[in-house]
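I'd like to ask some things about the structure below.
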Amino acid sequence: MSELTKSSANLKIAKTIKLFIGGDFPRTESGRSMPVFQAKSKKLYANLCKASRKDLRNAVTAAQGAQHGWAAKTAYNRTQILYRMAEMTEGKREEFIEVLTGTLGYTKIQANKAVNEAIDAFVYYAGFADKYQQLVGTVNPVSGPHHNFTTSEPVGVVALVGNVKFNLGDLVAQIAAVIASGNAVIVIMANEGAASIAPLSEVFATSDLTKGVVNLLTGDLQELYPHMGTHMEINSISFQNSDKKVLGELKEMGATNMKRVIGPVKEQLSLDHLINFVEYKTVWHPIGN
Amino acid sequence: MRTISVQKEDGNQIAIQAYPIDEVGANERADFFTKRSLKKDSKLSALYLAMSMCDLTTLEGADTPGRVRQMCAKARNPVPPEMIAPLLEKKGFAPVPSVAAVCVYPSMVPHAVEALHGSGILVASVSTAFPSGQAPLQVKIDDTSFAVENGASEIDMVINRGAFLSGDYQTVFDEVVAIKKACKDAHLKVILETGELGSYDHVRLASEIAMEGGADFIKTSTGKVTPAATLPVTLVMLQAIKDFEKRTGKKIGMKPAGGIRTSKQAIQYLCMVNEVMGPDWMNPQMFRFGASALVNDLLKQIFKEAAGHYYYDKAFAQD
Amino acid sequence: MQTTHHKPFHLEYAPSIESTDIVKIEAKNKLFIDGKFVEPTSKKYFSTVNPATGSTLAQIADANAKDVDLAVKSARKAYSKVWSKMSGKDRGKYLFRIARLIQEHARELAVLETLDNGKPIKESRDIDIPLVAAHFFYYAGWADKLDYAIPGKDVKPLGVVGQVIPWNFPLLMAAWKIAPALACGNTVVIKPAETTSLSILLLAQIFQEAGLPDGVVNIVTGAGETGAAIVNHNDINKIAFTGSTEVGRIIQKAVAKTDKKLTLELGGKSAHIVYEDAAIDQAVEGAINGIFFNQGHVCCAGSRLLLEESIASEFVDKLKTRMETLRVGNPLDKNTDIGAINSAAEHSKIQKLIQTGISEGGEYFEPTSSQLPEKGFFQKPCFFNNVSSAFTLSRIEVFGPVLAISTFRSVSEAIAKANDTQYGLAAGIWSEKGSKIHKTAAGLKAGVIWANTYNKFDPSSPFGGYNESGFGREGGRHGLFPYLSI
């Protein structure tokens, strides 16, 4: 990559890194870009799209359109698709390693470890998609002739902001925790690891995932977060960034539509991470003749 | 919704809707009427009304002409006359009304008619191989005709539960039609024996069949099966009557029977009739209690209102 | 047949009034801080009225920020010195003891609730107060079993919890807030609604009787400013609020930049769907109970009745007939079905919305039978038929006995119409077909679904909403989550 200066016989075709919205790979409608540099040489690695408010809105629309169908799939099906993501990540190991070593300066060992963590995170939540319901669902012993049970449902459309410092395993865990229950997600990739959008979006694009369930945007957090906070069709925000000021503002803005704004979780791979993004529905029915 | 179809004598089919009933909801609604609280004048007038709605009943294998005559004497004079003057009249209470009817087996009808002559109290007779109804139709018709010819002005028939539960609604319908015919001018009360029907859905469907077949009244129970009348089962039947009236314009009467022993229960039924059916049903033409023990409890409560304290049970005849 | 008994008979229900002798209302009601009843620092009091008569019942202390601070300090001290150190087993025993004492004071609490709130005695006696006791019973048993609250998680209490509750179920909402908070090891500063402070102050006496350690529950009475002082206090770890979405939004903003945890139980415009295959008579009753229970002052009230077109006219006829038998009047009368509107302000808000409904062209119906008492705040139950979903009454929470009726033609249309709201608290479904009920329930965006029933509550059953109806659940195992650090 970026070996454009080599002889034309060996000229490599650089991959243009684009956004991932609704299962497609569009450029930002704004035509803006933001450069990512090679970790060691500090030379240009690639020009990433700098997503605009409009791109965010498009992503929300895509997510909204996809969420219902995704949630309506059987839990078993979601499990298999999440596991497929792990398989595809394994298949794209070299591409991940290339981005991580190239843009973040990881050693090969570090990069391999990061990919392993990503795979583990997909596998972890793949295994949870058809089980968490049994851990948080209840049959409630109401006093009276009624059958009463509580089930969990996805909260809907979730916007996700990852860690301040890029961590592939964490990011995958954060995405998987949100979608495992049937949510759709819009991920804002605004840190130094943003170039990993390229292999990551290909993983999602090739895992039989309903188009629009995962949407990845590279861009500037400071520019985009106010639009996340006020967008009425975003039901919840997973804010894993440690910037308390932005978290506070998101919560404040979220009051317009009672958004569930969730701050950083303690454990990336955990039940409570997943159930931060579910709603509980309790159904009553008489027991009679 | 399920619809069943039965054929009339003229060959025309009639469709009968099997309206579903939510059991828990019906029970809750019925329970609501147990929370109504009647005081003073309204309570007293309800007690008088309940009295006038009673069908004083004896339906025992051991019934004899003597036993029936005793019961008829009580029907004529629920209160010993010497008790009325010093208390009810002195306190300005109206005379206690007589009961609506006495209810006996067909063989006892002649004795009851004789004993009640000139009183205005009606004689009702159970028929159709009461209480089981397990006899050939011709026997049931003869049973009914005997009672009517001997002066019964009301017939309390039982439906064919065996036929109903086996899904043979045509037989159930045909029997009601045949008995209605045998009744001539007598009023027909159709006993569903709700305690054997198994569900409110069945109670509702049986009510519809009985009304379509020509019932003047529908009645819960024979008194020989537990559970007999309950508030919710009566509610389900009242609502069937209400809907039937809306559909056909015909007003059908209601008679809960069995298990209603206290004035408190009777008042709960009256509150229910009042709120579900309205004042048109608040008379003995449209509503009856099939109960005997109830009469004495009503008297006890009426005298308590007059005297300010309870009389002992023995003050009122046990018949 | 004989003709002697045939004059029409109208069964009149003479008033059957519950005696108020059982309650003694203090002329001046103080704050409950650190286990004692104390004067407000400002020495200011405000009046609470009996909405059924409009007359003043008592004076209530008006807590200011200073009083709230004292209450928080007391709660903090009780938290760190006593309550967080106590074993779960012992915390549970206190809660069991409180539950029993509530049962022993049931009659008193019911009468007081009816006097101050205006709800029918039948409801305070048979629903509110029994549920209050049940709630303490339920959570008492959780106190020493919190290890089982969330699988695989160690949990801890949060600390001091600030709670603000509404006037529609004054004591029940207090129980919903206090019982799980204490079971989880937190201590409490709670503010009742300014129009309904009396029953929770009687509960404070029950806490004293139970020997609950001082400061574990502190009660500060007052209006919005008192509530704001709680919400903004910097030594409170969590805020739990039940009330309007409007105030909920203000609270969410107020705590946004703090570490306070937050749960909100807000408004609703819940849909009540009746399919053509429903048990119609029970569904009519469900619709009645859904909107007229507690004068319609219920956040989960089934205020939008969606009828399948094929049964709509039959259903509306039955509804009208049934509404004629509703008895509006003196809440202390055991025969009253609909009591008084809680305050003059609420009453005029409801009347204004009814006027809006009329001007928007809804077909208005109110029963002709009931006569309203001359004094006090009373409202006839009513409905608007054939409302469009664009009408104000289809969208705005009335919080009164006002029903909006419209029709649908299919399951998908019923679900779409039901979900056409920013709220998501509850919904009702009536059908005798099980698979249809489950399909509909799955499609509805609401936290509580009543199928073939409505307005049922139980301490073991989680309650709470989607979307702008708030977040967090109260009741059941899920009701523990908001009071635990996970």
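Labels for the chains are A, B and C, by order of writing; each one numbers its residues from 1.
The definition used in the following text is that a contact is a pair of C-beta atoms (placed from the backbone, for glycine too) under 8 Å apart; a residue touches a chain by one contact, two chains touch by 3 or more.
Every value quoted in this text rests on a predicted model; they were computed, and no experiment measured them.
Taken as a graph of touching chains, this assembly is fully connected, with contact between every pair of chains. A summary of chain positions shows that the Cα centroid lying nearest the centre of all protein Cα atoms is that of chain C.
Each of B-C and A-B has its own count of C-beta contacts, and the greater count is at B-C.
Between subunit A and subunit C, the centres computed from C-alpha atoms are 38 Å apart.
Subunit B and subunit C have Cα centroids lying 43 Å from one another. Averaged C-alpha coordinates put the centre of subunit A at 70 Å from the centre of subunit B.
Counting partner chains per residue, subunit C shows two or more touched chains at residues 452-453. Looking at subunit B, residues 22, 24-25 sit in touch with two or more other chains. Shared interface positions of subunit A, i.e. residues touching 2 or more other chains, are given as 146, 286.
Residues 22-25, 27, 198-201 of subunit B are the ones that touch subunit A when the two sit in their complex. Contacts from subunit B toward subunit C in the complex involve residues 1, 19-22, 24-26, 28-29, 35-43, 45-46, 49, 52, 97, 100, 120-122, 153, 187, 239, 270-271, 274-275, 279-280, 282-285. Against subunit C, the residues of subunit A that register as touching in their complex are 135-136, 138, 140-144, 146, 148, 150, 235, 244-245, 248-252, 254-258, 260, 271-272, 279-286. On the side of subunit C, the complex with subunit B involves touching residues 1-2, 4-6, 8-16, 122, 126, 276-283, 285-286, 325, 334-335, 432, 452-453. Subunit A contributes residues 145-146, 286-289 to its touches with subunit B in the complex.
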